[in-house]
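Naming follows writing order (A, B, C and D), and every chain is counted from residue 1.
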Amino acid sequence: MASVFGQNFKVSVFGQSHAPGIGVVVDGLPAGFAPDMERLRAFMRRRQPGQNLLGTQRREADLFDVLSGLAEGRLCGAPLCMFIKNIDKRSSDYQGLKQTPRPGHSDYPASVKYKGFGDAAGGGHFSGRLTAPLCMAGGIVLQILEEKGIQVGAHIQSVGEVDDTPFDPMAPQFDALSKGYLRVLDEEAGERMAKLIDDARLELDSVGGIIECAVTGLPVGLGQPMFDGIENVMAKAIFGIPAIRGIEFGSGFAASKMRGSQHNDSYTFDENGRVVTVSNRHGGVLGGLATGMPLIFRVSVKPTASIFLPQQTVDLSTGKNAELSLKGRHDPCIVPRAVPVVEAVAALAIYDLYLDILKEKSYGTE
Amino acid sequence: MASVFGQNFKVSVFGQSHAPGIGVVVDGLPAGFAPDMERLRAFMRRRQPGQNLLGTQRREADLFDVLSGLAEGRLCGAPLCMFIKNIDKRSSDYQGLKQTPRPGHSDYPASVKYKGFGDAAGGGHFSGRLTAPLCMAGGIVLQILEEKGIQVGAHIQSVGEVDDTPFDPMAPQFDALSKGYLRVLDEEAGERMAKLIDDARLELDSVGGIIECAVTGLPVGLGQPMFDGIENVMAKAIFGIPAIRGIEFGSGFAASKMRGSQHNDSYTFDENGRVVTVSNRHGGVLGGLATGMPLIFRVSVKPTASIFLPQQTVDLSTGKNAELSLKGRHDPCIVPRAVPVVEAVAALAIYDLYLDILKEKSYGTE
Amino acid sequence: MASVFGQNFKVSVFGQSHAPGIGVVVDGLPAGFAPDMERLRAFMRRRQPGQNLLGTQRREADLFDVLSGLAEGRLCGAPLCMFIKNIDKRSSDYQGLKQTPRPGHSDYPASVKYKGFGDAAGGGHFSGRLTAPLCMAGGIVLQILEEKGIQVGAHIQSVGEVDDTPFDPMAPQFDALSKGYLRVLDEEAGERMAKLIDDARLELDSVGGIIECAVTGLPVGLGQPMFDGIENVMAKAIFGIPAIRGIEFGSGFAASKMRGSQHNDSYTFDENGRVVTVSNRHGGVLGGLATGMPLIFRVSVKPTASIFLPQQTVDLSTGKNAELSLKGRHDPCIVPRAVPVVEAVAALAIYDLYLDILKEKSYGTE
Amino acid sequence: MASVFGQNFKVSVFGQSHAPGIGVVVDGLPAGFAPDMERLRAFMRRRQPGQNLLGTQRREADLFDVLSGLAEGRLCGAPLCMFIKNIDKRSSDYQGLKQTPRPGHSDYPASVKYKGFGDAAGGGHFSGRLTAPLCMAGGIVLQILEEKGIQVGAHIQSVGEVDDTPFDPMAPQFDALSKGYLRVLDEEAGERMAKLIDDARLELDSVGGIIECAVTGLPVGLGQPMFDGIENVMAKAIFGIPAIRGIEFGSGFAASKMRGSQHNDSYTFDENGRVVTVSNRHGGVLGGLATGMPLIFRVSVKPTASIFLPQQTVDLSTGKNAELSLKGRHDPCIVPRAVPVVEAVAALAIYDLYLDILKEKSYGTE
């Protein structure tokens, strides 16, 4: 089923890097909601390629058309289809990739899976370009969630060994996030990250990083036990972003080194008489359910697989080893452009869970 | 939907810690397969409580009945239902937990979610006891996968700061795994882990750890792009196990610190002319698809939330803070008993993907 | 996936006619609801075998156990599992059916599908006995729906050529339904039906019929466009009942003979200012959506396939034709016992749609 | 979820009658298959409006663009997106329909459902125009099925009281079907149908009919027990076509009048030693499973709701009754254009089941 997400609403992503275009159909959005298209375009620009030398030089304005789902500027209840034409294609850069699969890419397993009939140009449907439809869908959903008092924000936690200030898990500093290409809390760290990325670029190499994401305003009890908890649904969605290699919630892997007495977060009442925890190592989720504290998770982004340094691979047509020198336009670090993608995809996951909890609203003995 | 897993087959888990019993219905297993019930019982014993002081003292033999799905010892194509009666219940130990929710547990968000009508006794449906049905279902599926040449194995990678030898990602040492309560590659490390767990127990505290899992024999191309890749499906399943706080594939979070030239795995031909990578930092999966190399992932297990040290919490009935002293029977470290659970759940995820790929078998121009 | 129903909640049916038992797991019911178990037992008795000579002589009290999902007599939010032990099995009656498949039964295609490993005894998972779990699940859901003001009722519209008075589509006469084995509006017609069934029984034959079902109190707009309209979801559920050969809504097949001017129902305002139609040929559903008028549908039930008259079939073991003389205990007409099953399954379908519409509640600009 | 169909592959339909366009995304088609686009266009023309006076005068060439999913003329494994621009829109014809809902249409329940924000122009997403995307998706799938030896064909069984010769259920006469606007076996009946439709048109009225569909070449055992049998899946899909009011399989509603001895189809061996039935009243499906005999079903199509005769309705803005005189372009009988739609949608249902059965291929003890 692959490119369809959601149990309570459906997001269907389509397109290939070098097809006529890329797009998304979203079924199950609320009739009457008036999306702010200017704001969506601004959100899309955060992911857009060709912004500077730190990212790919493919220039795509990512101007989208709404093919259906709107009436007089409002969602009308019918499936929303949004579409971006592919313009700046250079398929010639990808000649031969079917024969000599790129290390770190899906080229080889995809060629086996699709028996050689897959669309390899630019990575086809596996291209990072397919994160644009995710941003279109997620960008709308972010606006819907905001109306419910739910906010999603992410920043670059690290690039290589350079760390940003982490979010305060009790109150993520969404307002303090920088607005530039590198979204960070500590602008000085951002400058060092930029330097690191540029170094990697000049060395024809690439570098990875970590993105931290927070969600506030979740209703207590959001999520379901076992297979539809927040972590399950979020992880299923987030691994839909290329290059993600891991996800952790709250203290995450560090929790494995702790004692229970160090890790458990005590409960107390806040000034408004609401139940809160005095710390937030659990990252806002226990037993799959939202506790009302900010949801905190981090994802690991691997270094871009497409590097310009020569690499060893196989030549499937000759059965011999081969050296690969990539052409094309590739980000030396995809972490900066992945930040809005993480926000968008997180919104899709949260919205699916939010719809789930609505089903409980009129439950029982009301 | 919560306790139902699978797109190509369905696993429905039911039961509460103190209900008449716990069980699972599996719909979509292959008619004709003859499960080895003795082997399943042996597998279940690895998860069983009451084995020694390192685990909970609740004594449950976890003897299961097959209520449906078998005919003359073979799967008959009808849904398989397996059931375990709860025997050694002590609900009195759980009196009051609705009023004073345990830190680190789902008690509080579950009480909000279910409006006070949830079954809190022993954690109800959120109890670690519900991993027994997962093991029943997964234990059968492990046998089915084995017949296809697919093997799943896990070990304790760490408890607290004590590390086991990691799996060789090129060839996981399934045969070298110890057979005792603590499944490790390095028995001496296992002894130090046991000591650490016992120390935690004596200090009325608990400790966390990391489990590493490997799957060999996956057909190249297994998995789907975007939302049904191996990572997505595996993560969705694995977070169904209580206390898991993170999952990473291949180099995982360490990849975020690497250069592309360090992280990419070169392709070559092996002695049989098959395409392989010369290293396995990608953990057997690229673009969501199996590369044919061993699948490697690690999960972080938090320290058991139920500790006997006094803890601060709230009293929901009085609206005041309260000190909580737990009774009941709790594992000072759930990592050892979680190892077979990770294997079982991994099997469920892989089998769902395996059925998916079968749909491609007669695809197209055959 | 077969025996799992529901997109917004999940009903998993398990069991075979001659397995240890039959049952159902329902995930997604409202915590806090207190099912009236005495009423559920009364509902189950309407379907129960062995009531008189008009039905099968297999005597099963259909006493069920609740294995999970309840706490202190209320649904607790965890999956509800209900189970019935099979008692009065006579598998010997079914010897040989694998070799000589019964005309009108799934024996032959099931033996091919399951490669001879299917459980043929008593029809296995295909047995009409599996409608008992449907009644357990549906019986609970009927009570939940009733609390929302939604009522479901069915009657025997016809047996063979004997017709009952049809429901008034503007106001189905639920209160006028007879309470006996044959649920009808016209008791005199019921007596003639009984005579017809008894004649068929004495002639070692069987007879079919039509069941009409109505649902009142549906919120206007219930249902979704295209594939999740009321008709789609209802039909998918209803064909889960063995022996159903057709379903029609409102005027159904008769609509095909009408002019638009005869078929369209005009709108008007009722005394309370609500929009209603002045007639109800559309059966309460337009474009897949509830109009607020009673939902009306009819299903065709074929004559019981298991008859005692000798029949021609094949002997799969010899490759020759064979004459089949059935033993066992079979209903000469399953229509009477199918009436509560239709009500139960209709409730499951409506509840799935009801949960769907809840997701629209907080939609948009509220 | 509404406009998404399929468990083993996904069909997502989008668009409104007066939106920029209409389209479909299909995820899960076989890489390598080369669709015959000329043939698909020919198939689409059968459904196309504006062909003659018997259908709507809206002129839409229904020329489609493939936005994704193809590479070098073959399916590439990525989601296939096909799109039709809306050209000949006359939204002015639909002014006022929100205030004065058309009898027999979804206007009223949709306006309640979407709180007045639905797209009413031309019926919006509920328009019969949305059957074009169904034909695009189904037209491709018909070609794929044909390669597996599975054929789907339908004809007009009746318009009003005029009947066509029914299919021979033992061997449907696909080759004898007429090729004109009215697809029938008996051309003389076709002429009388045309006369009846034209009469209705001149009387500003409309007329309904019945479509009969057959599918040959189904593997024995196709379908699943209970909720995913052929009838369940087919009915769920078929009711996605507007104006369908009933569906019956094999003898259908007539079975309700029969004795078991009249209805049961005896088994025998055919000349090739295959098990067949000597008659086909069961319509090729028993217990939800294909028997290998032709699948036969009929659907009832109501008379077009949009008629030009004045009708009574309500004015939602004034709260008073109102007379409605429709403008716009409407088919006096949609049955002829619905024939390819039934074929297309049947193909989608069969393909979903076909993929299901593939999962059983390597089952068990092979």
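The rule we apply is simple: a contact is a pair of C-beta atoms (placed from the backbone, for glycine too) under 8 Å apart; a residue touches a chain by one contact, two chains touch by 3 or more.
Computed from a predicted structure; not experimentally measured.
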- Going only between touching chains, how few steps reach subunit D from subunit B? 1
- Among the chains, which has its CA centre at the largest distance from subunit D's? B
- CA centre of subunit B versus CA centre of subunit C: separation in Å? 38
- Give, as an integer number of Å, the spacing between the C-alpha centres of subunit D and subunit C. 26
- Message: Quick check: how many Å separate the C-alpha centres of subunit A and subunit C?
- Response: 45
- Where subunit A touches two or more other chains at once, by residue number: 1-4, 7, 9, 13, 28, 31-32, 75, 78, 110, 113-115, 117, 125, 225, 360, 363-364
- Task: Note which residues of subunit A are touching subunit B in the complex, please.
- Result: 1-5, 7, 13, 101, 103-106, 108-110, 112-115, 117, 125-126, 130, 158, 160-161, 200, 205-210, 220-221, 223-229, 231-233, 235-237, 239-240, 242, 244-269, 273, 275, 277-278, 282-283, 286-292, 300-307, 309, 311-314, 316, 319-321, 356-357, 360, 363-364
- Message: Give the list of subunit C residues in touch with subunit A in this complex.
- Response: 7-9, 28, 30-34, 75, 78, 147-148, 225, 355, 358-365
- Query: Okay, in this complex, where on subunit A does subunit D touch?
  - Reply: 1-4, 9-10, 12-16, 19-23, 25, 27-28, 31-32, 65-71, 74-81, 83, 110, 113-119, 121, 124-125
